[in-house]
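As structure tokens, here come the structures.
Next, two complexes with chain A in common: one pairs it with chain B, the other with chain C.
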Partner chain A sequence: MDLSRRDTMTLAAAAGAATLFAPNVARAALPKLVVVGGGTGGATVARTVAAAGGVDVTLVERNPVYMTCYFSNLYLGDHWDYDRLAHNYETMKARDGVKMAMGNAASVGDGRVVMSDGTEIAYDRAVVAPGIDFKYDMYEGFDEHVAETMVPHAYKSGNQLLMLKQQLMAMREGGTVVIAAPPNPYRCPPGPYERASMMANWLSRNNPTAKVLILDPKTKHSKQGLFVEGWNRLYPGMVEWVGGEFTGGDFLAVDAQARSVTTADEEVFEADVLNFIPAQTAGRIAIDSGLTGDGDWASVDPATLESTLVPGVHVLGDACANGDMPKSGFSANSQAKACAQAVLAAMTDRRAFPPRFRNTCWSLVGDDYGIKVGASYKAGDGKIEKTEGFISQVGEDDATHAQTAAEGIGWYEAMTGEIFG
Partner chain B sequence: MAKIKPRVKVPKSAEVGEVVTIKTLISHPMESGQRKDKKTGEMIPRNIVNTFSVTFNGEPVFEAAVEPAVSANPYFEFQMRVPEAGELAFKWVADDGEVYEISKTIKIA
Partner chain C sequence: MGVLNTVALAALCAALAISQALAGDGGEMSDMRAVLTVDGVPGDPEYGEYLVQECTACHVADGAGGVPPIDGIAPGYFRLAMIEYADGTRENAVMVSVARSLGDEELAALAAWFATQQEKQD
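This part shows the complex of A and B:
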């Protein structure tokens, strides 16, 4: 088309007129996406869809500040300030037009999110990303109150993380920290072992005769050979791991006063600081909305992350049954991008492409000593399937460990910057 | 360096003639003697648990000669037939001369 200057002027005027009058009409017609949960997965979906445009996006979240759980172990080791884990929603609100609905969501379904105070938010499509909840009922003497006041699980960032650090710092000389690790599947598979590393790192400087004992219901754990190598090299004799052969594969009870834990074999382990990390489920709202069916996690379509039980509702991140992927911030971010494409394809005229997922779990074992494991994934038959993976090797040199540690921090800054920055 | 504590899992009781599973774990670095100290360039001397042995009422029931290729925190599991009530005595001997011992009794059900 050959446009004369005059035609161009006319078009420009028409476009100007359209922007003057269109917004109210267009906004009224925009399809509504409601995202419940402003963690890494939910925030990624909200921002990605809002930035693409054509969809009215509301993010429901109870806290104005999000503290990442990943990298929180670095705070225990004095490697990071607590504030460095904090992120907020101001940029996605201001720059991308994500609407924030501050409050606690109780259930999702039938085109509306019902809040705890009874108000409702209507949606055309919803994303539920509530993270994890805990199976307190499995253990005698352990509940949310005990976790909040005496025996922290500290498996969500926040007050319990601060309490655990205070307990570590106040521990008697030569005392024992017991970390009771959770059974599979759970958030952040290397998390308990990185935590042991970071506690040993702090203790080696401040309380060098102390011990860190990991009690595990599992007979093996993530990056085991790599962690054991690091512990023996950096903290000889300080970190001990006792696996499922010796715990009976489960825990029965916690005594908060005595700071002791009883294994399935009825052996009692006493601690000076007890970090009890219970078995986990999808976040409460996923269970209450019927998204988990009879199981602990929400079953989803591997390409779109849409619930197989409740149409029009997507579940992603730690709360979904994510096939071969581990539950991690990186996984949630990767799933959220695939979910955002699927949501945009369903709600606008955009096309969705077959998703590729990625994950890497970096763990800091000591000063400038990082290890990692990661993989690529695709949407397979009924689940997310691993295509290829990589892992740090035993016997790597100091330069490689330092490079891996720096790479992990680089990933954290880049990803949180992309979502919240 | 904190004290090394071996762990064993032995059933408290068994029937005469019953085959039971015994599990043992010792947290030991198993330094192979083939690594250099990166700062000094000196070889780190070998220090592994070189022998693990178990007796039942004084009679040997399990013995292992352990080599440097065995990784840290060696775990041994074996089965034995219980002929009578008695005491299992476990013993780990390390290159640095340390001997770690623990014993457990089995009753007849």
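This part shows the complex of A and C:
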């Protein structure tokens, strides 16, 4: 390369400028950012701001290990070990200087995070990224205890995912798995259908006369034509989807003993394995801290992800009302980066850049058989708006499906590596 | 001439300048300027450092799975690849979407950022 010496110096100087904002020992106290929730969104914000320097970052998280929901379906299909979904906070502490505060946060506001044990952590600015909680009270016979012991939703990774896999493996020959899908909006729009695919994938090898029945309150679902194409090709006759026209658009009750679910049309479906995924809200702390107002999700400024209700508190990931973006790990990571630069601009003398948003959701339908959907977004008028999107096409060849599956794995490794090291 | 045509022409000119720079013979400084500048204004590496965060959601140094590494990528190769994704010569839907969401200022900023990374390696 033939850059003149002068150009080289200019570039080097410009690169050096970025590090001018590194922690300044002379400054008495750095401004304090407290992030609640060390999942995909919260951990991304914490490490991005800490790595930039100039801000004292504390991450509040109740679990020592973060199990990703994304690719948990690959565990159900026996493609991945459970441990491959696990990530911890050691690198974030050592590499980026994030301080960890392990424990459950009860509320955020007025410059402090109050922990369930009564201790308080002061902040100058806060980020809340608690993920989702569930509307258990919509259904008779279904609550957290039932989900933990008999009818897993497995829509947060952890014990329920292990239980669902055990139930799948122990199912009688020729039995039926029923997946009751949630109403919109919910975490990971293709999630229940990828789950059906990966369960069918496992069953096709181990229990080939079994069935997977998806009961849906919705009349259509994410990547529908692509999933149906894959099911017909890979698991003919095994996966059936029953849409909202036939379920009445909702579920009324779960009978955990009988493993049955009652639809709004009062039809009862019995299962050998029942995976009931309830309707969702923002994580409890967002509701308890007044961030969701009268709704289920926290409304935010689309450019900065700052709450429109509680100034100085940003909400991102699944918990925010994210406009046109789907609730996904990719989206949470993208929103966290936009939020990080807004936070840095507000708390240090760093420049603010225009926010950028992107999502891609890869789903694995079978061995080396991936499909994808994605889009670019911008901070629009009052919400995050889609600008351009793409989706896999029906009729793609094997090589394309294999490339798409490999891309998804590449993304998983890159993003979890970027966040958790 | 419509706006789109103007944009296409500008992209083509840029592509030509960049492929010349890539060809390496001469390695004229003006060609490298086409890579690192927009309308004669140098790309802003600090902006590039922010923009590259979008890339690192998928791209990692050792290029796991189906995503190639872009660490230490030559700025000229980078600009050409992005032009080819944007105009459909390269067809990967994910990268087409990424490339089409970046304007000239963003591409110059990213190229400038990659150039600073190359400097560090050299």
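Remarks
Keep in mind that, in the parts below, the second predicted complex is superposed on the first by the 393 of 421 C-alpha atoms of A that agree within 3 Å, B and C clash if a C-alpha of one lies under 4 Å from a C-alpha of the other, contacts with A are read in each partner's own complex, and residues count from 1 in each chain.
Here is the rule we use: a residue touches a chain if its C-beta (ideal position, glycine included) is under 8 Å from a C-beta of that chain, and two chains touch if they have at least 3 such contacts.
In this text, all values refer to a predicted model and were calculated from it rather than measured experimentally.
Looking at the shared chain after the overlay, A:Asn275 reaches neither chain B nor chain C.
Touch criterion met: A:Glu245 reaches chain B, while chain C stays clear of it. When the shared chain is aligned, chain C comes close enough to touch A:Phe353, but chain B does not. In the superposed model, A:Asn322 makes contact with neither chain B nor chain C. Of the two partner chains, chain B is the only one touched by A:Val228; chain C is not. Of the two partner chains, chain B is the only one that A:Gly237 touches; chain C does not reach it.
When the two structures are aligned on the shared chain, A:Gln403 is found in touch with chain C, with no touch to chain B. Within the complex formed with chain A, the residues of chain B that make contact are 1-5, 7, 9, 23, 25, 27, 29, 38, 71-73, 75, 77.
Note for the complex: chain C touches chain A at residues 27-29, 32, 42, 44-47, 49-51, 53-54, 56-60, 63-67, 74, 93-94, 96-98, 100-101, 112, 115-116, 118-120. By the touch criterion stated above, chain A contacts chain C in their complex at residues 1-4, 7-8, 10-12, 14-15, 17-18, 48, 330, 333-334, 337, 341, 351, 353, 356, 358, 360, 372, 374-376, 387-392, 403-415, 417-418. By the touch criterion stated above, chain A contacts chain B in their complex at residues 209-211, 225, 228-229, 232, 236-238, 240-243, 245-246, 265, 397-398.
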